[in-house]
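All chains are identified by letter, namely A, B, C and D, in their written order; residue positions are counted from 1 within each chain.
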Amino acid sequence: MKIGLIGLGSMGVGIAHNILKAGHTLTVYNRSKDKADSLLAEGAIWAASPRALAQGQDAVITMVADDNALQAVTLGEEGLLAGLGQNAIHISMSTVSQALVESLVAVHERHGSGLVSAPVFGRPDAAAAGKLFVAAAGKAEHITQVRPVLEAVGQKLFEVGEQPPQAAVVKLIGNFLISCVIEGLGEGAALAEKAGVAPEKLLEVLTGSIFGAPVYQIYGNLIATGGYMKPGFALPLGAKDNRLVLQAAEAHDVPLPFASVVRDRFVRGMAQGLSGADWSAIARLAREDAGLKH
Amino acid sequence: MKIGLIGLGSMGVGIAHNILKAGHTLTVYNRSKDKADSLLAEGAIWAASPRALAQGQDAVITMVADDNALQAVTLGEEGLLAGLGQNAIHISMSTVSQALVESLVAVHERHGSGLVSAPVFGRPDAAAAGKLFVAAAGKAEHITQVRPVLEAVGQKLFEVGEQPPQAAVVKLIGNFLISCVIEGLGEGAALAEKAGVAPEKLLEVLTGSIFGAPVYQIYGNLIATGGYMKPGFALPLGAKDNRLVLQAAEAHDVPLPFASVVRDRFVRGMAQGLSGADWSAIARLAREDAGLKH
Amino acid sequence: MKIGLIGLGSMGVGIAHNILKAGHTLTVYNRSKDKADSLLAEGAIWAASPRALAQGQDAVITMVADDNALQAVTLGEEGLLAGLGQNAIHISMSTVSQALVESLVAVHERHGSGLVSAPVFGRPDAAAAGKLFVAAAGKAEHITQVRPVLEAVGQKLFEVGEQPPQAAVVKLIGNFLISCVIEGLGEGAALAEKAGVAPEKLLEVLTGSIFGAPVYQIYGNLIATGGYMKPGFALPLGAKDNRLVLQAAEAHDVPLPFASVVRDRFVRGMAQGLSGADWSAIARLAREDAGLKH
Amino acid sequence: MKIGLIGLGSMGVGIAHNILKAGHTLTVYNRSKDKADSLLAEGAIWAASPRALAQGQDAVITMVADDNALQAVTLGEEGLLAGLGQNAIHISMSTVSQALVESLVAVHERHGSGLVSAPVFGRPDAAAAGKLFVAAAGKAEHITQVRPVLEAVGQKLFEVGEQPPQAAVVKLIGNFLISCVIEGLGEGAALAEKAGVAPEKLLEVLTGSIFGAPVYQIYGNLIATGGYMKPGFALPLGAKDNRLVLQAAEAHDVPLPFASVVRDRFVRGMAQGLSGADWSAIARLAREDAGLKH
């Protein structure tokens, strides 16, 4: 297939490699071109703008930072929509607001093109390894059309429903639950340490028993080793996703007390100079609150 | 080995069956004798008191409701300690306070006997199937002495450390983290439902990707099906464990904001007539807060 | 002075009466004209649009529901700015976002007119009685220019600073603290009642001792009598102000844990059918959580 | 009247002075005698034990640190009860648990003596000035009997009810609400400062309008000046009262979300070395969370 990809952050680059590896023709665009170097060396084609990129593609993937960035690369004179063919599909993989996805559904309907919302679970190393989990929502025929691409980038594809916003909300809830795992582990690890149990030992029991899931292994390890200063998913992005889930919840009149606690952690992290850290650094705040040094 | 077991609630009965199945000689005691019927039919012996039960055993397991019950069956004229031999081991499997385990260490030291704190993870069905996870702490020689029993009741044995209170605190943190999973899933499922995503679909994505751990499967299923009115672990016991982890945390000067949120849920559950429900019923409160009917 | 007033909700009408009473010439505008009837009978003049209203005034007061409403009546072809004289002052009394006030400062600077941000504390009865508290911020000469009006509507005028956004943030913090009083009293009254102390008795002690402030008298009385179903300040407006203070706090990287708790109350109130109630109805949720009936 | 007073902390000494000033005969007891020096100079009599102190008194006041201290000076061989006459009254002024007051009611009933629970609102300077607020509960005839003493120490006496525990719970709720004022002001002052409003200006508006109560003046001033390192009421005592109100609330199945937030502040304060500070130092934690320096 002929695929375009906009957004070459640490996630986008990993996804791009796997699309090339699967034998598709890939055109890429990014605000700063240097991020594309390794991909161009592997055979990817460079496009000068989202619009130029979209021309002639079967599908265009967007993997950008937030709502504003997605709007910027999609709409406007140089946006992808201006170049996208009527039967082509826009695969939106970014974690963005449910509201924006709703509005893009309408935009694509008018344009004649299709929208598949396909946010992914997994950190940059999973993206590089093609081990992402993809949660896709959109019309059945649209998903069928792009299934080879979705399968190329992930180890597993979930079809969430026929409405693109459904996948957006599943992704936001998923990230919310990851943030809850981080906060819970952060609190628990602080208590363990002060009560004379090494965090590694606590984790061994947890992940070896009923908490044996990647999310506990990954974040447990980051917390036990204090490795949260090297960002896999930067704290301001975590703060953004927290804001998005609270907004979605407010739009649907759903209180989320845990998200509120986590919100206060992220805001404090921003205030205390952790903008450059991984979002798991909120666990460091739990340690501080317990009087523990880093 | 010759084993005594005090406490035949739904957890204790399951444990007892597996000890018998492993070929040990088992003597049992419970406040009300009728709970012992099936075990006596399988060859267990009845004792008239904890003291009588303890006499001549290699090890005595206690699996009772709370701190008060553990003190009652351990200390006093008719307590197990009065009958326990000097080289025998007390295996405390109940979820109790770190402070009580600390005091029992001293009690056993004076008595000449050993204490192994060995709380378990798993619900009654896991106890019946011998599939519990056992987190044990105590002197290495004590654990070695009772290893066959610990292995008979669980699918996996974790050695947490040489100090019995270490296992108590690991168990409290584990239960705290389960309560966080319940609360998080309850909030997330309510949002999913109001945003047009079936909770089952949400769970399929979560447990099929990075949340693929028993704790998400078990509680996710209870929440998605609204099955929390049939108690596997009753809400007042959840409230008790929440109180214990907050007490342990306070003793060590560790704030636990998530445990505080969960505390308010449990207290409200008690006030609103959910004392007979499973502890996962706190997720029902999250549903109510979102204006959803049961 | 020649004064225009836009927005004849329960607060605006009270303010209008006091401006007339002080002898000023008053022109009014409201989306629905019937709210103006009593004022026209007292000598107020009707204007067909914000633009028409603004022409020839010394000052124009806006007292509207939210950011959107304030933008609508201020900007655009029929907005007040299109009619406002270069030396006239816009007195913004609505509770709106700090960000909007900032942008209006720039707008007025370009226009040559002045902006005084002058939000008020007090409920409709205080507005009717001219007993509001006015917190004003703006250039000293602008405040001097409109002082007679500010003094006509309030019992006391506070000059907060030279930057209009300063008054906006003081107002948001004030409303945040009122919401904290409501939540605290709601929790305390529920405990008092279940512990055998009549809420009236609790309030007598509190307001007769160190809590002797109007905010405790007013909201304590609403809570003790369950009078929160008759809105003086509707719950959705409370929810809006909570959102605004959380936004301002996020913009400045300030966590507000109490505001987060209150946020969850408001969202739940919206979900559970309390949109028509007074914002003090969040205290009813505290009662419910304690298992108390209304 | 002949009055005994046990407990010469900063509150007890102030109370003692005002009893002497009112012309009563005062006997005092304290764990360390040096605290009594100034009172003995004014004519107070020293007693060697609570029991010795209680003999021949019309009433004995206890003003001690916590439940344990109150039990210690009341019960046992050398406790006040052993010396107290059958028609004498025990006036318990300490902030203690509702549960302890309940048990003391029974103890005094068996003894033939009376119990008046009379906790006070006010800090040491108010105690010294005789400006405390006294919330008393007990049988009407008991309160009548000791009214002159209660009036000597306070500026105002509230009769809360006929059951001594009622006053205990009113006091706990009062202290809970003060802690809410501190937390709310701490959060609000941090936001004000980062948004360019001096905390003093914020306070001027608040206390000059609808928040014009001593509790806002006192704690607002402590927060605005950062004066919380000089303890009027030490943080561990605040933590204790928070624990007591949460316990009372749990006993009555009443969730207190605000008390839970404040609890986490106090626990963190203990962990971070603020045990020697005033309880208002939790506002310093709100500042820290916003990235502000002390």
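Here, contacts are C-beta pairs under 8 Å (C-beta built on N, C-alpha and C of every residue); 3 or more make two chains touch, one makes a residue touch a chain.
The chain list, named the UniProt way, goes like this: A, B, C, D = 3-hydroxyisobutyrate dehydrogenase.
Because the structure is a prediction, the values reported are computed rather than measured.
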Determine whether chain A and chain C, two copies of the same sequence, contact each other through the same residue numbers or different ones, counting it as same when over half of the numbers at the interface appear on both sides. same
Pair exhibiting more inter-chain C-beta contacts, A-D or C-D: C-D
Take the average of all CA coordinates in chain A, do the same for chain C, and state the distance between these two points in whole angstrom. 40
Give, as an integer number of Å, the spacing between the C-alpha centres of chain D and chain A. 53
Would you mind pulling out the distance in Å between where the CA atoms of chain C average out and where those of chain D do? 37
Which positions in chain C touch two or more other chains at once? 249, 253-257, 261, 264, 267-268, 271, 289-291
Considering the complex alone, what residue numbers of chain C touch chain A? 243, 249-250, 253-257, 260-261, 263-265, 267-268, 270-271
Sites on chain D touched by chain C in the complex: 98, 121-122, 133, 135, 156, 158, 160-161, 163, 165-166, 169-170, 173-174, 176-178, 180-181, 183-185, 187-188, 190-192, 194-197, 201-202, 204-206, 208-216, 218, 245, 248-249, 252-259, 261, 286, 289-291
Which of the residues in chain B come into contact with chain C in the complex? 264, 267-268, 271-273, 288-291
